[in-house]
Structures are given as structure tokens and as C-alpha cells.
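The following block contains the structure, expressed as C-alpha cells.
We just call them A, B, C and D in the order they show up, numbering each chain from 1.
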Amino acid sequence: MAPRIAATAAEAVANIHDGATVMIGGFGNAGQPMELIDALMDCGATNLTVVNNNAGQADAGLALLIKERRVAKVICSFPRQSDSWHFDEAYRAGELELELVPQGNLAERIRAAGAGIGGFFTPTGYGTMLAEGKETRVIDGKGYVLETPINADFALIKALRADELGNLVYRKTARNFGPIMATAAKQSIVQVSEIVSTGSLDPENVITPGIFVDTLVTIGGNN
Amino acid sequence: MAPRIAATAAEAVANIHDGATVMIGGFGNAGQPMELIDALMDCGATNLTVVNNNAGQADAGLALLIKERRVAKVICSFPRQSDSWHFDEAYRAGELELELVPQGNLAERIRAAGAGIGGFFTPTGYGTMLAEGKETRVIDGKGYVLETPINADFALIKALRADELGNLVYRKTARNFGPIMATAAKQSIVQVSEIVSTGSLDPENVITPGIFVDTLVTIGGNN
Amino acid sequence: MSTETTTFTTTDAALTRDEMAKIVAADIPAGAFVNLGIGQPTNVSNFLTAEQGVTLHTENGMLGMGPVATGDDIDEDLINAGKIPVTELPGASYFHHADSFAMMRGGHLDVCVLGAFQVSGGGDLANWHTGAPGAIPAVGGAMDLAIGAKATWVMMGLFTKTGESKLVEALTYPVTGLGCVSRIYTESAIFELADGTVTVRSTHGITFEELAERLPVELVKAA
Amino acid sequence: MSTETTTFTTTDAALTRDEMAKIVAADIPAGAFVNLGIGQPTNVSNFLTAEQGVTLHTENGMLGMGPVATGDDIDEDLINAGKIPVTELPGASYFHHADSFAMMRGGHLDVCVLGAFQVSGGGDLANWHTGAPGAIPAVGGAMDLAIGAKATWVMMGLFTKTGESKLVEALTYPVTGLGCVSRIYTESAIFELADGTVTVRSTHGITFEELAERLPVELVKAA
């Protein structure tokens, strides 16, 4: 199905419901779908589980969602930063559940969800606090932890450009979590700088095939 | 390390040793590194384990290696074809071990090797003959089989174009197993139509980063 | 994709292969992502209309596959899973084998149409191996295709040459996938399978009552 | 990459941070693929020479990272793992987060240089969490980096502010990775770790004997 083209970010996120699990792409500001996050703030959905590398910074985006207690749980690798004050406060108040995952396991668990893998043995985290309570196994003398897939209801992603079928290309390190989150969510909502006509993207260079994209919205367009 | 540039296919495969596990890319003729396979034939290495989607066709390439009993074991998904007579004969004579793997599990096991994954639960093959003797597990009501990584000593791959650092791009469905085999082998030997200067490939469009490529050889160049 | 309200219909003559393919094509929802197996299912593509906007996947690494290539359009780097030269449609994309099977296994395809030796009333599929003594097994992507898509449909002759039903109570051929088939198209009838119930949607050249007598599974007539 | 023949050396003064970085840089083999952790290790890049041909990996999805970007070269889509704007060198490539960590976890990087709170004589690393009551944990890529590369080197001050050794018999901080560190660079000494033996390669501003007295682990002097 060719993706729905939303006129605004608000329209793009309108069907995100209370209690949804929402993946949010980006690493630092690169690839962060800021307009979609703002729209999620405005749409009112609450009791969310958010999957992101971080847990919000300063007074914008995900940090505001956390400040307003719209997020019940964060699954991330690096919540604490110099400007993660809203996360810090909600977490210390016991009003926000945290599942801390090593960054590579986070990425691999997201990929596993998209790839129909039921679980995988990873060496990362073996022998550490973050493997406590998890199944472990020594394979060929090396320790591994069993990690499970992370699925989501929605993914909010920023790409550079889409065609009308939803094929995506990204830009530099802004690619980061976008391609794997698109595969792991039931619905992927993607903000792009421009939507080009079908056939304009070289099939060899498509990074996310349109099969993984449900909604497109054009934002800005100055990249 | 920038890859070694071999002058000929023979030079490219010269260090493949007896008893080596060799992955060979290609699906049908697309992406099949025919000149490298011929060179492997000529180099004399024997007692090989070959990982390929098929087990040789007609009287060329892998089929000849099997005919000459240079292959001790084949790991593949689709050995029997109308023209797989050398495989059929060696297999029926009990002179060739076969590990039959569903094609998607074959691909995922190769990827797992390159990605440092110790094993993974896949739904493919659950409840079938090909899961016999393997660990199984029901996760959320769905059956899975534990599959293990397939590593190799060498991978023989055909790509379209490389730069001097070994970054690769492929062509259409000839991409198939190349990118994952390059990650799973200790040494990847790649035949390309041309080697272009570093900086000529767009970093956004590199499919196999040069870190996975050890040896390059230019063959033909008419693609 | 599942059994919508179906009305029982009957025709005087058994369906031809083209008629079967035409019905399957008409049943594919607009905008669906579809994998057509080798053999009879491939013929379905000839009856898909442009208005349906169906995107074809081929497991050797492509979405947006076009018709079979002829003449100058034949390109050995562009083939389908049956190793037949095909063409590329605008908006196509290429990816490697692990990504291609992840797309399938991850449940991203809407429909997969396959041939079969046998299907059980519970939806178990046998289509990869006769299990005959001395037969060399080859599985290819059969097991991945069987369990990967959101819906797996089978096209087959309903009876063997000796007149036995290929819709069976329990498989006697080796399993490809368990409980995966939701619809069967045959020359004599079309069946919907759900939760162990076999509903006959239509009969062709045979009455429901005659069919019920010949088949070893309990049949329900669509309303 | 492991302990080549090392000759014990000593200098009168402790190493400055730049001197440490320069030594690490000189130790990196020509042509290596390297990940430099956040903090002190980042400084190593300033002392790598063009002749070394070292390729830098950043785990947010890039090989071929260049120096920190300044002025007009600053691009918010091109950052390193520390979220600092960087540049792109000819021959660079971009990939998504799962591929990036697969590259690391799969053992494709030659060297990873990290900071540390503590390292044990057996090579266990603690660098992600103080374990202090009330401290909010954040792991990022620390655990993946620790165990992924062929060689993991640590740069750290040898003593805490209160004078205790950070090279310890057993970690008192939470583990990042077990048995993963093979070399430690400090202002006072450089250590090689292998099979439970701690060899002192050099001392700086301290004699081997003084060092042996202050540290809680048994030390061997390099030949």
C-alpha cells in the first residue's frame, strides 16, 4: 500500500493512542523527528512506552513528554545527560519506568522485531548488571545473554527524502535508528524534507523500502 | 587496511587452503563469482566446506569442484536441480556431506556470524524435518528453532564496483548473498568489474563497507 | 485478508489454470505486497491489474518486480526466485538476502501464494519434499515463504493422479510449515481455512455434496 | 595487535594527556579500523598520521570519520558518538545502527580505546556506572564497545583522587565487560594484560618497584 501522505505533522500522528509503544529515531539531533514529537505532544496520547536512544534533553521534544508525565516507560541506552532534568526528576519520583539496554542490544532487538526473530544470544552485557534475570549461555567458551525483540505500535522517523511509494533515503549519521525502527513498528510515520515522484530514487540506493512506511509528511525542506 | 589488489583471479584465491570453509555468493548466475570459482578449481585446495545457495549446476564452477571431490561438505538450501548431476552423484555415493538449510535461515545464520550473534530463534523450519535434533522453544505461542551462526574462512563474492578502500556496490539482484557473506568470512575475496578511486562512491550508497573486504580483483568489466 | 463474508458459489466446469490464477489475482487486496511462488503461482502476476497497485517481492532481493524480461530487456543480474529474467518497475528497491528474508519472516508481506503437495485441514503445508526413499531434498525458500507472510494461500490440483485428495486430515508428506495456510485454490473448489474449520467458498464442476464425500476432512459450506 | 616483544622503558616525568594520546596513536597498527571512545580516547585522533591510514568508526553509523567540524563545515546530520559535529573523509560509508553495532560485535574493528573507572588484572572493565546509591545509570554503547573489537585498550588515570589504584584485583564498580581489556595507558605506566598476567611495559615518573608496591595486583616487568 502506498503510504498515506499527511498534510501536517499533527495529522501524521493523529492515530497514536493512549498506551501505545512508540519508537522515536535519532541520535542526538541527527535524525530526530522533532516536528513529529511535538505533534505527539499536542495530540494528547498518554501512558506511552517510548523507545529511543536517550530519554529527552533540555526542555523540548521527548523531555517535554516526560515532563508532562505522558510517558509511562522508556526503553533506551543513555537516559542520563547533563540536560536530562525532566527524565531525572520523573525517574527519581518513581513516576517513570526505565528499561536500560546497551545500545547495540537495543538496535539488535529492534532489528529482531522487524525480522521475525524470537530472540538472540548476544555477548554484550554478559556478566553485567544489565544481564541480571536474563537467560545466559556459554557458547564455544564465550558468554552470551538471551535478548528479546522490541516491537512497537508506531515509529516516528526522520528521513531525507521519500518517493510516493514510501521508499526512503537518509542523510549521513541521521540514518542511525530510522531503518530498523521502520521495520519493527506496526505503523511507521516518517517526516521528510521532500517527497519525489516514484522512479526518482535509484532502486540500488533505497535504504528503507516503502513496504515499511505507512505515513509520510513533508517538513521544512531545507536539507 | 585497504584491500590487497590481486592481478588475477588465481592470485586472489591463492591462499585458500585445504579444509577451508568457503562461502560463495550468487543466486543463479546473478552475483556468481564464476572466475573466482574457476580459480579455486585451479588452485588445488581440497576437503573444502562450501556455503552457497545451491550445490552447483551443469559442468561448471561449483559443480566441477564437486565432481573432482574437492568439496567434503555443502551447506546450502537448494542442492537438487535439473542439472545438479555432479552433486547428485557425489551425494548418492556418500562422498559429500549435505547440510540443508532453509534459505532464510541460511542468510540469517551468515548474518549472525558477521554480527557476533551466538544463535537466534527463528520460526522457519519449526515442526519440520530440518529442525530435528535442534533446540526449539515456543515464544508467545509461536514455535521457534535455535539456529547457529555460519562462519567461514573465505568468501568469494562478485560485486559491480569497488573503490580502493574496498567499499562495494552491487548490481540489481546480483547483490543477494554478497553483503552478508563479506561480513561472515575471515577473508573476503571480491571480483568486480572495475576499481574506482577512493572518493568516487557516494558514502550514502556504499553497500559493503571496505572493512569487510580483503582482496579485490578486476574481472571483465563489461557490466 | 481473512475470510470476509463469503457467499457460496458454484460453476459447472472445473477451473482452468488461468481461471484459478485470475481468481487469486482478484482476491489480492489493492496495494498489497505479495510473493508469488515458483510454478502455478507465478501465473497470478499475469492477471493483476495496474489499478490494484500490487507490489511483487522476490526473495532474492527485490521489491517492485515487473513482468518477465524478453529480448533486449534480459539482464542476467535481474532475475526472480525461479531464476527467470524479469524487469524492474518504477519505485523498485534492491536489498541483500538477509534483509529480504527478514522482510518475509517479519510478517511484512501481505500475501504469499504457493504450490503444494498436500495441505491439512488445520493449514499444515507440505510442498518441499516427497520424502521418497533416495529423493535428494531441496528446500530453498519454501519454509520461509510458508510461515512469513500475513496470509499464505495455496494453488494446487485437488486430487493426485490416482484420485486421492491433497486436502488431508494429516500430512503424509514432510511438513513445510504448521498451521500456515489460510486459503486453497483448486480446479474443483476454493477453501478457506481458519481455526481448524474448512469452509468451501465455491465448487467447480462438482457439487458441495460430492466434494464432501470425496474429501477426508469435514467441510462447511459458505453461507 | 597483542603484546609484541616489548622492552621495558621508563621516563622521569608522568605522561601528559597529549603524551598518552600520542603513544596510543603510535601503537595503532597501520591500516587499522578503530573506535575511539568519548573523552580522553577522542584525543588520540589528533596524533594519528595520514601515513598510518587508520579508519575511524563511530557507532552512530559511519566509517571514515574525519576531524571535528568547524565553521561552515558543521552539519547537524554528521556527528560522532559524543554528538560532536565531525567531517567525512573520502572513502567514508554510512550505515544504520544495527549494522554499525554488528560491525563492532562481530569483531571487525581492530582496536577500541576507552576510558575506565577501574580495570582488573584479568582485564575486566568498569566504565559505565558508579553504582552509587541514587545514581541514574546510562550505558550507551559502553558494553558493546568493551567486548566488540579485536583489542580493547583503556586510557585512564592510574589513581583516584584519594590515591587508590584503579588497576585492581577485582572490580568494585559494576562490570562493563569481562576479560576484555588487553592494554592500559596511564600517566604513570603502560600495562599489557594477557591470561591474568599484568606486564608493565613502561613507567613514567615512578619506578617499577614503587609501582609494584602501590598496586594491588602482581606485576611483571617487561623484558
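Quick notes on this structure:
The criterion applied here is as follows: a residue touches a chain if its C-beta (ideal position, glycine included) is under 8 Å from a C-beta of that chain, and two chains touch if they have at least 3 such contacts.
Owing to the predicted nature of the structure, the values given are computational and were not obtained by experimental measurement.
Between the interfaces A-C and B-C, more contacting C-beta pairs are found at B-C.
Centroids built from CA atoms put subunit D at 35 Å from subunit B. Distance between subunit A and subunit B, defined via averaged C-alpha coordinates, is recorded as 33 Å. The mean-CA centres of subunit B and subunit C are about 29 angstrom from one another, to the nearest whole unit. The residues of subunit A that reach two or more other chains are 108, 111, 115-117, 122-123, 170-172, 203-204, 207, listed in rising order. Within subunit D, the positions touching two or more other chains are listed as 62, 88, 94-95, 102, 104-105, 148.
Contact annotation for chain pairs lists A-B, A-C, A-D, B-C, B-D, with touch applied as defined.
Considering their complex, residues 30-33, 53, 55, 57, 62-64, 88, 90-95, 102-109, 148 of subunit C touch subunit A.
Taken together, the subunit A residues at the contact with subunit D in this complex read 27-31, 77-81, 87-88, 91-92, 100-105, 107-108, 110-111, 122-130, 143, 170-180, 207, 223.
Touching subunit B in their complex are the following residues of subunit A: 108, 112, 115-123, 137, 139, 142, 144, 148, 169-172, 202-205, 207. Those residues of subunit D lying in contact with subunit A across their complex are 58-62, 75-79, 83, 88, 94-98, 100-102, 104-105, 129, 134, 136-144, 147-148, 174-178. Subunit B contributes residues 1-2, 111, 113-117, 163-165, 167, 183, 198-199, 201, 203-204, 206, 209-212 to its touches with subunit D in the complex.
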